[in-house]
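Next come two complexes, and both contain chain A; in the first it sits with chain B, in the second with chain C.
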Partner chain A sequence: MKRFRRIVEKIAEGMLTLSGAVTTVTILLIVVFLFREGLGLFKSPAVEKGYALCVNVANPVDRLTPFQIKQIFDYAIVNWAELGGKDEAIELFRFDDIFSRYSDEELGAENDYALLPDKLGEVVASSPGIIAFLPEEYLPRDLKGVRMLRSEHITAGDFFGGREWIPTATPAPQFGTLPLLLGTLWVSIIAIFIALPLGLGVAIYLSELANEQTRKLLKPAIELLAGIPSVVYGFFGLVVLVPLVQKAFGLPVGETGFTGSVILAIMALPTIITVAEDAMRNTPRAMREASLALGATHWQTIYRVIVPYAKSGISAAVVLGIGRAIGETMAVLMVTGNAAVIPKTLFAPLRTIPATIAAELGEAPAGGAHYQALFMLGCILFLITLVINITAEAISKRQHNKGL
Partner chain B sequence: MKRILLTAAVVLAALSVLTAQRIKGSDTCLPLSQQEAESYMKAHPSASLTVTGGGSGVGISALLEGTTDIAQLSRRIKFDERRKLQAQGKNVKEVIIAYDALAVIVHPGNRVTNLTREQLEGIFTGKITNWKEVGGADLKIVPYSRETSSGTYEFFKESVLQNRNYMSGIMNMPATGAIVQSIGQTPGGIGYIGLAYLNKSIKAIHVSYDQGKTFVEPSVANAKNETYPIVRPLYYYYATDSEKVVKPFVDYVLSAAGQKIVGEIGFITVE
Partner chain C sequence: MIQSKNIDFYYSDFHALKGISMEMEAHTVTAFIGPSGCGKSTFLRLFNRMNDLIPGTRLTGECIVDGRDIYARGVNVDELRKQVGMVFQKPNPFPKSIFENVAYGLRVNGVGDRKFIEQRVEESLAGAALWNEVKDKLKKSAFELSGGQQQRLCIARALAVKPSVLLMDEPASALDPISTSKIEELIHELKKDYTIVIVTHNMQQAARVSDKTGFFMLGDLVEFSDTKKMFLNPDKEQTQNYITGRFG
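What follows is the complex of A and B.
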């Protein structure tokens, strides 16, 4: 019998070890996967994969940045002189335009479009100011009169320093994360500034001032707040908060970073309150009583003894609250308007990293540059939350070492 | 005995999966295909159809991989998509099942009623930023767009912006319902939605594609008589070698009963 129990115990131990190992390995694999997919971005061509840009052979321009390409195809740059070329108007040519110039027979449609490359070559060679966006499969073969622009890779500078996020721009998608990163930080930091005083106030009230009955009622109610799905918060924000913010501040539009901050503050409150309250209640009874015995009032005890004692717990609460705010997706997606601009004021629409990933990953073709860029955003988010978690860990460790 | 039953169940499940028809693709077509599939299955109890969304591009790649029988698209198949299918020896057949009109909407308090395509292009590319430039009040224009994953986003860009990019910093809303909600409460807002989503909380703009000679109100009747310009067809694509399997359902969609559902959902019927 005893032996049997020992075997069972051994098996149980083995299972626990195994599940621990499996979890660790899974998490590591996820991180590796995240970074592998993300880093692939810097090996992707700046122009859409499988396509190339061609110009007339007489054109001296031979390299264009992704941003210049986008401006050309948006008619924002209309003359080659602006790009260091000759004074010649830029003529745009997209691949599909060939079908409006030539009929299917002329292109040899039955014969696998055999004549297509030659016709494309003729078009490019005949026009000195042309820039043509063509699939590599149909590039003019002998390249007489045609020159391909040098293909470049997306650089880290473009990604981290770019100011425009337009992943669907053809031919050169714009992956500038600056607006997204700043948007995320902006919204989260303001959310904490709103949530911190409120959360601390409630935590102090709950742990020190409220009588047992109120506490028993309030605490579960606050914990319930944490259980509400974020999409419900988002919906509430869109229907109630957005018009409110718009009217209160007389703004042209109510979907702003501030609206997002308010929603995030509400969502971060339960975390802050619970953690901070626990820290305060952990103040040893001896310290409270000593303070009161010395003649300090209740209030003096709170802000001279209890809050300083619980300082590291409170800091941990703040850091965890920030973590919650930075990673939040759905609610922010619904109330911030998702305009990818560098936020100059809090009262304008902005876009956060999690909202971008959630909104765009569904349609980004697997393995493409857009997909990899979204994974890279995931990496950034991962690093931010990693730093936050390490900070939280370090802060809450300090409390234990403080000894009493 | 148990094992035999289990095997039988697995085989049966596999068989029913094999005979089930799968429709995949555009989210715009999704409600229509779902309704059609439901009423088709009601009429033919032995038939089994599964309808899933994901986006037009997803539908085509599923057709490529053979994981769907019908791809539903809210745009025409692209040249290189057709080429990829041909490279696999698959010839696809194209069927237009309905038409969808896009309405440009503003806040009901906005006094602008008419806009030309050029003006719309200016607004959505960020060149026109105040309503007074197009005959309205002195109010900032707040353009709303759908997310990049939406076929509607692509079609609007193609038809109205003539392939130019939306202004950077345009507001992206995750769903059509959110656009309606936001524009209803934003005095300077402008956006685009499917005709079926029009309601009293917003105002539809009359659009002109001929430099302002005629402005046409978005309505089912105007879309049908082809005077309203922002109309796109919705397509089904299927491989010619699976025609036998899918034909009955496609025929049902095109039949009077099927087209009645098209009208009920707010799309325009195929004549």
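What follows is the complex of A and C.
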């Protein structure tokens, strides 16, 4: 009998170890997968897959960033001199333009357009200011007078420093995360600025001031709020908050970063309140009594003893709140207006990282640059959360070392 | 002088103290003894209104400190607690430095004068026979002290606000014999300036430190008289049994 029990215990122990190991490995694999997919972005060509950019052989410019390419095709840059080349007007040439210059016969239409590459070559060779955006399969075979721009990769600089996020731009999609990153930080920071004082206030009220009955009613209600799916908050935001913000501030649209912050603050509140309240209630009775017995008032006891004592719990509450804010997707997606521009004011539409991933992953072809860029955004989000958690850990450790 | 007149005290519907009347002279030490759960702590905590913190309690009768009913309308509880200090059973220093622990009572009273605070901290630590042991590490956390030192720190903390009464609820029960005797010596010293009420489970301790002793049982004050008489020749048989039982 005893032997049997020992075997059962051994098996249980083995199973626990195994499940722990499997879980850990799975999580690690997810992280590795995330980074592998994401880092693939920096091996992707800056120009759309299957296409290339050609210039006249006499043109000294031989590398363009994705942003410069976009500006050329937006007519924001019109002279090669702006790119360090000769003083020469830029002539844009898209593949389709060839059909307006040559007839079908001239291009060998009946023969699978066999003459098309040569004609393209002639066009590029004959105009010094040209930049041609061509499919790789029709590239001129005879490269006399034609120079292909070196196939650049998207760089970390383009990604982290880029000011525009336009994944569908042709010929060069723009993967600048700056607007998204700033959007995320803005919305989260303002959300915390709103939620923290409110949350702490309510937590102090609940743990110190409310009578037992109020507490018994309020606490479960607040805990319940934490469990409401974020789409519901988003819906509430859309229907109630958006028109409210629009009216209150006299804005053209109510879908703004500020609206997102308010929704996030509302969503983070239950977490902040519950965790901070628990921490404060866990302050030993002996500490309270010691303070009161010395003639301290209730308020003095709260801010001199209870809040400092609960500091690590309160910082945990804040971190959990921030964590929710930074990672939150749906609600923010619904109320911030989703304009991927660098936010100059909080009262304009903006867009966050999670919202971008959620909105775009479905339409980004797997393995493409867009897809990899979205994974890279995931990596950024992961790193931000990691930093926050490490900070929280450090704070609570320091508290403990002080003897709490 | 402290006085209780016909005190009845209830925790919700539990009748914890039954008609207690007694008087404690200024500059004396009064000890409360009795079996666990008989109401000693409850009675002690009446005098700085610590029981107010427990919801659902009820009190009838009068509690008089320096000629004033402390449960009367309009009494400032915070002021009362400055006048009536308390030392708890388990040392409960704040998670602050040794210095800040002692200075706490002054700070919450709005004292900001550094010189004054420093002087009072030294005085109080000396009064609690702790100054020599901690004078070089006032900035250190109070948690770095031993249990006995922590308890003396808590006494110093209580002394710093210059109360006139000191309530001590089993102040030495968590301590080793050497720390205990230090605290007992201290009580002897403090008697000169303070009215002291101490709860203890240790008969010898009650006999050593107190002038008068009260014996509680099941919420009743069975006997209250001079300590000498109480231990040599008590009036009640219950007292006799309790004391000898413990001694035996």
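A few comments on the model shown:
Basically, the second predicted complex is superposed on the first by the 336 of 404 C-alpha atoms of A that agree within 3 Å, B and C clash if a C-alpha of one lies under 4 Å from a C-alpha of the other, contacts with A are read in each partner's own complex, and residues count from 1 in each chain.
Everything below uses one rule, namely that a residue touches a chain if its C-beta (ideal position, glycine included) is under 8 Å from a C-beta of that chain, and two chains touch if they have at least 3 such contacts.
All of these numbers come straight from a predicted model, not from anything done at the bench.
If you put the two complexes together on chain A, you find that chain B and chain C both fit without a clash.
By the touch criterion stated above, A:309 is placed in contact with chain C alone, chain B being left untouched. Touch criterion not met for A:233: it reaches neither chain B nor chain C. Applying the stated contact rule after C-alpha superposition, one finds that A:159 touches neither chain B nor chain C. One of chain B and chain C touches more residues of chain A, and that partner is B. In the superposition on chain A, A:93 makes contact with neither chain B nor chain C. Contacts of A:371 after superposition on the shared chain: neither chain B nor chain C is touched. Of the two partner chains placed by superposition, only chain B is touched by A:337; chain C is not.
Nearest C-alpha atoms belonging to chain B and chain C sit 52 Å apart in the superposition, given in whole angstrom. No residue of chain A lies at the contact with chain B in one complex and also at the contact with chain C in the other. On the chain A side of its complex with chain C, the touching residues are 211-212, 284, 286-297, 300, 304-305, 308-309, 402-404. Chain contact summary for the complex, chain B toward chain A: residues 54-55, 57-58, 61, 79-80, 83, 125, 139-140, 142, 147-150, 153-154, 163-166, 168-174, 178, 181-182, 185-189. Those residues of chain A that touch chain B in the shared complex are 50, 70, 73-75, 94-96, 99, 135, 137, 164-170, 174, 179, 238-239, 242-243, 246, 252-255, 333-334, 337-341, 349, 351, 359-360, 362-365. Against chain A, in their complex, chain C makes its touches with residues 48, 50, 53, 55, 78-79, 81-82, 85-86, 88, 90, 92-95, 104-105, 107-109, 141-144, 154, 157-158, 161.
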